[in-house]
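Across the two complexes that follow, chain A remains constant while its partner is chain B and subsequently chain C.
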Partner chain A sequence: MLHPSPQTFAGAPKSTAARIGIGGPVGSGKTALIERLIPVLRARNVNLAVVTNDLVTKEDAERLRRSGLIEPERVLAVEAGACPHTVIREDPTLNMAAGDELEASFPGLELIVFESGGDNLASTFSLDLVDWWIFVIDVAGGDDIPRKKGPGVLKSDLLVVNKIDLAPHVGVNLERMLAEASAVRNGRPVIATNARAGDGVEALADAICRAVLFRE
Partner chain B sequence: MIGPLLAMWQADAAFPSGGFAFSNGLEGLAASEPLDGEALERMIAGVLRRRWATADRVAMLHAFDRASDLDAVAEIDAEVEAATLCEPFRAGSRRNGAGLLAAHVRIATPGAADWQARVRAGRAQGHLAPTQGLVWRGAGLDAEGATLASGYMVLSGFTTAAVRLGVVGAVAAQAVVRRLLPLLAELAAAPAPDRIASFAPRLDIAAARHARGELRLFSN
Partner chain C sequence: MLHIDSVVGDRAEPGLHRRLHHLEHHGAVETVTIASADMARRRLRLTTPKGEELAIALPREQKLFDGAVLLIDDDRAIVVRAEVERWLRLQPASIADAVELGYHAGNLHWRVRFEGECLLVALEGPAEAYFARLDALFAGRSIKSTVVTQDLAA
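Presenting the complex of A and B:
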């Protein structure tokens, strides 16, 4: 069961927005998924903001700011100091502070999406930072990724397998890959998406709304 | 023996405060000139003498002494803002201060939530050094431990960044730390001046160049 706030100690500020993480390897399509998610969530009247964790540039933040999908001031960039996993796991305080800043700037904010910098299969989000998190892999990365059982694949609340349209072109049996992903996760949810075409994005938005916004 | 333990607790890189994301000018310097272990050691020694001992330490100790008076801490905070020439260092200090504060608010360190509320309300900048002084006083450190924690974090912050930048290896970096510990101890023992002053122009210039760079691993 989720707790509405990651802050459990006396004296901690009251958190109003649910915080979710989106992590995954470099190039798996995290930013593309967020670009698709934003209009879907906004159509559902979700008041949201995004924090990106770019590794060496502000590419992801700038891409979202220029997208026209969301007011630029609702996108903050946190540089990861060469350590994309540290900034979401061992030391998430810069992201926590960015979330606090967004909450202070946008009263009524309901959802903050933290996009991790591209990492490897071992990256996981600290529950100090997020209430719930998604790990994104893609078929072009190889259909053996679920079998490698990285912590991201195993521990995420939701596993997204992206770029499913590429499966026939990279020799991946998608059905088997999804079945193996579901098996290694003991049946915890797996969603297949093609972010470029928007396939599966409504299901992803449904999962977010159910898990942290308590909306059906 | 709790005093030294509290200082170790706060100086430990495992305590989340966001410090790992800041090279404080080193990334810019390494991009503009070749650096090796000796050059790194000279650079850190200079920063300890001319920035940490005379500015960061002073602001931290002044805030530590007046931690129960947020107006006084805010004055010190404003002095840090005014005395920090280089914009990337001002921004980095505010963000690092916000990171440290986020952790201390969540573990309910006395004074942290009130200071964070003041910063959020725009009535203070929340720079790192005065925030350290305030939360470390609340956390029970003594002035000596707070001073050593502050200095050690500067020293280890530079060497850790140097390892990630490939300037030195992880083991060689610890030799640099060891050689600089006596200097840190000597500086920490000296009386703190009344006013904040710093002079590290090479790093100011390097950080300013770095801020305009397209590619960077660190925030400053």
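Presenting the complex of A and C:
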């Protein structure tokens, strides 16, 4: 196994901001969740910034900048250009550079949220880019999504099932969907949310604070 | 909760090795075993065998590794042991099967290594989950499969 050279350890700088990923299919509500998370995390005095990934635009970044929830300069956009998997997994260099830029601009930054460009169930985050990541699906996408066992569903540190308010309107048995999600993940955490109303967002913030900010 | 914000060094370094050897005689070295899938993380929470909670937050240019010393002082030390990685060794019987297997593994974004005429797939979950994805490929073909540990795959 390759080890860092011993000189790496001498005078090692203190750790930098925690980095988390939020991925999931197009339309599952990733940006809406971030819009709900920002005020909840800021109320807990978390110093944060966001990097959005879009295919060929800065649509999500502009939406957050206009939201008034966060200073616009704390939101950077990465344009994936093609396959959105690539910039969060195979070669996350652009996102890592965006994270570094935010840390340089905002000393004391504690948390950077990387929102993936919308994708299918196969996207996963490189742990070179993030420390911990969330995958967001929604009930309107179908209650069979957990059973399809996509890598995002299986490998994420936390699975969020969003738009739970829509379950009765799209014929989804929410209880069964959540149970199946938990089963395919071998009991790893699953949280149900309704980003529009803010339901479950405090629990989501709790999970983030506990996992990477080490707050109880 | 004990916060660890950098790796002290490698347990194999002579200076650290001596100090660890001394502490081991006093039963004062704790080893925390980390799953292979978690070794790439810079931030994680762990509980030591004695029940102490660790909050690890490394600088981005550092990584955990087998033998990383997280803490050492006159009274005790904490050292990382990387869980032995398991690999699925697949041996196709023909070039045609090998090409299709390689395509399939790439399409599933599996982490692989090569060993002669075998493809090694890193198991980051139950082997059954990997076999389930290979069912269609195995049908009517001759591909030998075995699960091996990191040492065997090295």
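What we mean here is this: the second predicted complex is superposed on the first by the 201 of 216 C-alpha atoms of A that agree within 3 Å, B and C clash if a C-alpha of one lies under 4 Å from a C-alpha of the other, contacts with A are read in each partner's own complex, and residues count from 1 in each chain.
One rule holds for everything that comes next: a residue touches a chain if its C-beta (ideal position, glycine included) is under 8 Å from a C-beta of that chain, and two chains touch if they have at least 3 such contacts.
Source: prediction; values computed, not measured.
Trainee: Mind working out whether A:154 is in touch with chain B, chain C, both or neither, as first, second, both or neither?
Mentor: second
Trainee: For A:128, select first, second, both or neither according to whether it touches chain B, chain C, the two together, or no partner.
Mentor: both
Trainee: Counting only touches as set out at the top, which of chain B and chain C does A:211 meet: first, second, both, neither?
Mentor: second
Trainee: Could you tell me if A:16 is touching chain B, chain C, both of them or neither one (first, second, both, neither)?
Mentor: So A:16 only meets chain C here.
Trainee: For A:200, is the partner it touches chain B (first), chain C (second), both, or none of the two (neither)?
Mentor: neither
Trainee: So in the superposed three-chain picture, is A:29 touching just chain B, just chain C, both, or none of them (first/second/both/neither)?
Mentor: Neither: A:29 stays clear of chain B and chain C.
Trainee: Please write out, lowest number first, the residues of chain A touched by both chain B and chain C across the two complexes.
Mentor: In the superposed arrangement, which is not itself an observed complex, chain A uses residues 9, 12-13, 128 for both chain B and chain C.
Trainee: Per the contact definition, I'd like the list of chain A residues that touch chain C in the complex.
Mentor: Touching chain C: residues 1-4, 6, 8-9, 12-16, 18, 85, 89, 122, 124, 127-128, 131-132, 149, 151, 154-155, 210-212, 214 of chain A.
Trainee: Quick one: in the complex, what on chain A touches chain B?
Mentor: 7, 9-13, 55-57, 78-83, 86-87, 90-94, 96-97, 100-101, 104, 128
Trainee: Which residues of chain C touch chain A once you look at their complex with the stated criterion?
Mentor: Listed in rising order, the residues of chain C that touch chain A are 1, 3, 5-10, 13, 40-45, 55, 57-63, 65-67, 82, 108-109, 124-125, 129.
Trainee: Which residues, counting only chain B, touch chain A once they are in their complex?
Mentor: Result: residues 14, 16-23, 95, 98-103, 105-108, 112-113, 116-117, 120, 161, 164-165, 214-219 of chain B touch chain A.
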